[in-house]
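Take a look at these structures.
After this come two complexes, each holding subunit A, first together with subunit B and then together with subunit C.
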Partner chain A sequence: MSEINHLNLSKNGLVFDPRTGESYQLNPIAQKIIVLFQSGKTSEQAAKLIADEFHISLEQAFSDILEFQVQLSIIGLAS
Partner chain B sequence: MTKYSKPSIVKISNPLYTKHGSGAQSYHPVRDAIEGVAVDELVKKYGSPLFVFSERILRQKYQEAKSSIESVYPNVQFGWSYKTNYLNAICQVFHDEGAIAEVVSHFEYQKARALGIPGHNIIFNGPYKPEAALEQAISEDAQIHIDHFDEIADIESIAKRLNKKVKVGIRINLNCGIYPVWSRFGFNLESGQAWAAVRRIAQSKDIQLVGLHSHIGTFILDPHAYGRAIDKISQFMRETESLVGYNLEFLDLGGGFPSRSSLKGVYQPPEVVVPPPQVYAEAMANGLKWLTTRKNMPKLIMELGRYLVDEAGFLITSVMADKLLPDGRRSYVLDAGVNLLYTSTWYKFKIEIEKEPTGISEPSILFGPLCMNIDIVDEAILLPRLERYERLILSPVGAYNVTQWMQFIQYRPAVVMINEKSETRIIRRAETLDDINRMENP
Partner chain C sequence: MKNIIGISGINATDNPGPGCAVARSLAESKSKPTLIGLSYDIHDPGNYMSDLFENSFMMPYPTKGWQGLQESLSTIKEKTNLNMLIPCLDAELPLMIKHKPILDKMGLRTLMPTEKQFELRSKDLLTQLSEEIGCLHPKTKVVYSIDELVNVLKGEIPLPAVVKGKYYKAYIVYNIETAILKATEIAAEWGFPILVQEKIHGQEINMIGLSNNEGEVVGRVSIKKQLTTHLGKVWTAVTIRDERLDALCDRFGKLTGWQGPFELECMTNENGIFLIEINPRFPAWVYFATGVGVNLPQMLVDIIDKGECKKNLHYPTGKYLVRYTSEFVTDLVDFQNLLTSKNRKGLL
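Entry: the complex of A and B
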């Protein structure tokens, strides 16, 4: 997910894509996942960290992150 | 610590945001109880999906409409439009309030009779009245409103057979500035057809014309349409009375008052565009004045349907799945769809969520449970990210849904009534396989 390195993440959960000029609103979990991706974590690693932090199952975290990645690619923020 | 919720991301320029303002933080109407009974308790006890009716609202709507019309005309009789909702318990509430029955088929006629309504308290409308139904209605002195010339002949032949003179009304249709004109029911006024019907009946030895009926359409947002209709009917009534030589006994203006629902294509909210019944009554007042001076003031019959029952009905449905669509929209699969919400084709329901929302709102689409592409409950709604099994409360759904619902793919669910003491009871249980198989032969 290195494609998302260009995204500017602000503290209030807004993401700005300098390539397209579009802005996006993210909820706190989505913000965390973006930060994890930007720091080079794979989806499996991100799922483990999210599952531990929020006391949810690894399976749920992994499904949600996989779907989130699909969504990022649908809206053109990652390929 | 932040509570976990599924990751969500929403483009700020999404048209739904532009329309509703960019408050990305959720505001969404919440409802955790209906008439003081928790949604959670209702679902745990009776299951989901679940139709819920409020007896208090039924009675309140009835009394409000009745007293509004009575404030401009003292001799008013309401006829409960069975097709709008003919669950026995619902009909009972309106009969208890003083309504007679208004039916449009032999089935509905029989339903009213089974509820103990005598024939003379049944108005029999509709374009198709089979001979057996007419015969029963005539022998029980029901108030038949004739729809077409063939029906005049049918009634005459039954009257001869039963050796009876039958008192009837005729339905007339007219243009009072409402589009579409419901010109397929009854006799048309402007073309002279209604007058022809009066002349035809005036010649009959077996039938006596005693009243006029008109139902101009449904969800009529312009109260003055009733005023215009009354002016035309009044003129026609005068001409009729001078031909037959006696005063008519009733004038039936049908239904059509809107409920606070959102008709698709009407962009202002119902609170803004839907006038209360008093405004309709006032629009009718002038045209009715000439009748109030009569010694035997004719009865003014109203057959309000959706106005009386729509807002008393709620549908609780649960989110069964959360799914991202390939165009990026968030979608949810609900356990109730167009199989239960026939009126969703024309009306956009108010959708409340059971729990206080957290997180940002996303443009979402609500699908029903059918394996059919058309099963869409709401195609564009801004919703916070919903959790699985979370419940939504749809309203108003009391009119025309529990009569036009389909047993298609799914069973039809239970219907519960909440009385004025917040006690609940099942007024129609959920369907079972046995209910359906009982009618079949393998």
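Entry: the complex of A and C
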């Protein structure tokens, strides 16, 4: 999901969109998903890593990632 | 030759002019020019800022015409060896631009748009310019009476709308009564015409820029206002970069051949970027650009001095501007000197 590479994620969990000046607060899983996508991971790879780190099922992690991607598109953070 | 620069718009109030921010930018530059405040109001805070301005002089209001302004500038030049001007107020710019050849003869160097460029961006011609540079512009009607205003609001441009003066003031109005009240207020102060503009929803974004003598944009910074005063003046803001706005800025520079500073005021939403207003001078938040490494006032001085400056289009996004109020204590004699000798130091 390379279209989120422009987003700046701060240490305190806020993501800043430099194109619009908008900031959003993310929960820890959302922060991790941003980091993984920005490092070039696919949704499948990210789901595996999220499932391992947060002790949830692979299906749950994959579902969370898809839902988060939809939210990013709706609020215009992912182009 | 040491630059001795006159700067106007030194009203650093909650509705600030750009002058003090321009002065601060130059004071922080390597060249450290001597700065002279040019004021139309004895209460302008800049008149008393001796840390920024070597001296400050009172001038007659631009509405009183060129003759008085020229005599005043001539006197200031005699007393200070003034050799450069950075006009920062909308109301004085038409006079300064029109009489630029006289300023040149007086040895008062400037970088300002031409009369044609200045007129192209006037609020009543902005629809045409917006089309030519390929951006959106809110539907706008020029009205010359209150009756006409009411008719427009009942037909072509429905409420809510924006009621604006040709030079100053803009109010969002939600009903006919408020529209009449605000239009009457503006007309009483600035006269007709009044502009009625479609209200655009979305985020306000602004860009400050500087073009050289060839109309090439040599510096620019974009921001999103986060918090504003009741007059819409910035109180906190963040730097952004919107490639569409950068492209719009370049097209504006190329098409108009703009010379000097400018500000693009825009709204952005799902339909694109709407150009709301173009200010033909630095805005009051010019120090924000300086603070993120783009010292536009110094670049302007370089263009006047050398005909060119080092292009600087790069700045960090996510930098945050915080405006605040402050006080300092000075002596009543400064006020007395400004009142009697028309300058802070009391030079005769």
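Going forward, the second predicted complex is superposed on the first by the 78 of 79 C-alpha atoms of A that agree within 3 Å, B and C clash if a C-alpha of one lies under 4 Å from a C-alpha of the other, contacts with A are read in each partner's own complex, and residues count from 1 in each chain.
We adopt the following convention: a residue touches a chain if its C-beta (ideal position, glycine included) is under 8 Å from a C-beta of that chain, and two chains touch if they have at least 3 such contacts.
None of the values given here were measured: they were computed from a predicted structure.
Once both complexes are superposed on subunit A, the partners subunit B and subunit C fit side by side without clashing. Once the two complexes are overlaid on the shared chain, A:T20 sits against subunit C while remaining clear of subunit B. When both complexes are overlaid on chain A, the residue A:L49 reaches neither subunit B nor subunit C. Legend: residue contacts after superposition of the two complexes on their common chain; A:L9 is shown touching neither subunit B nor subunit C. With chain A as the common frame, subunit A serves as the apex of an angle whose CA-centre rays point to subunit B and subunit C; its value is 90 degrees, to a multiple of 10.
Touching more residues of subunit A than its counterpart among subunit B and subunit C is B.
For the three-chain overlay built from the shared chain A, the minimum Cα spacing from subunit B to subunit C equals 9 Å. Shared interface residues of subunit A (contacting subunit B in one complex, subunit C in the other): 22. Across the complex, subunit B is touched by residues 13-15, 22-30, 33, 50, 54-56, 64-65, 67-68, 70-72, 74-75, 77 of subunit A. Put simply, subunit B touches subunit A in their complex at residues 2-13, 24, 324, 326-328, 359-360, 385. Subunit C contributes residues 203, 205, 223-224, 226, 237-243, 268, 317-318 to its touches with subunit A in the complex. Across the interface of their complex, subunit C is touched by residues 8, 16, 18-22 of subunit A.
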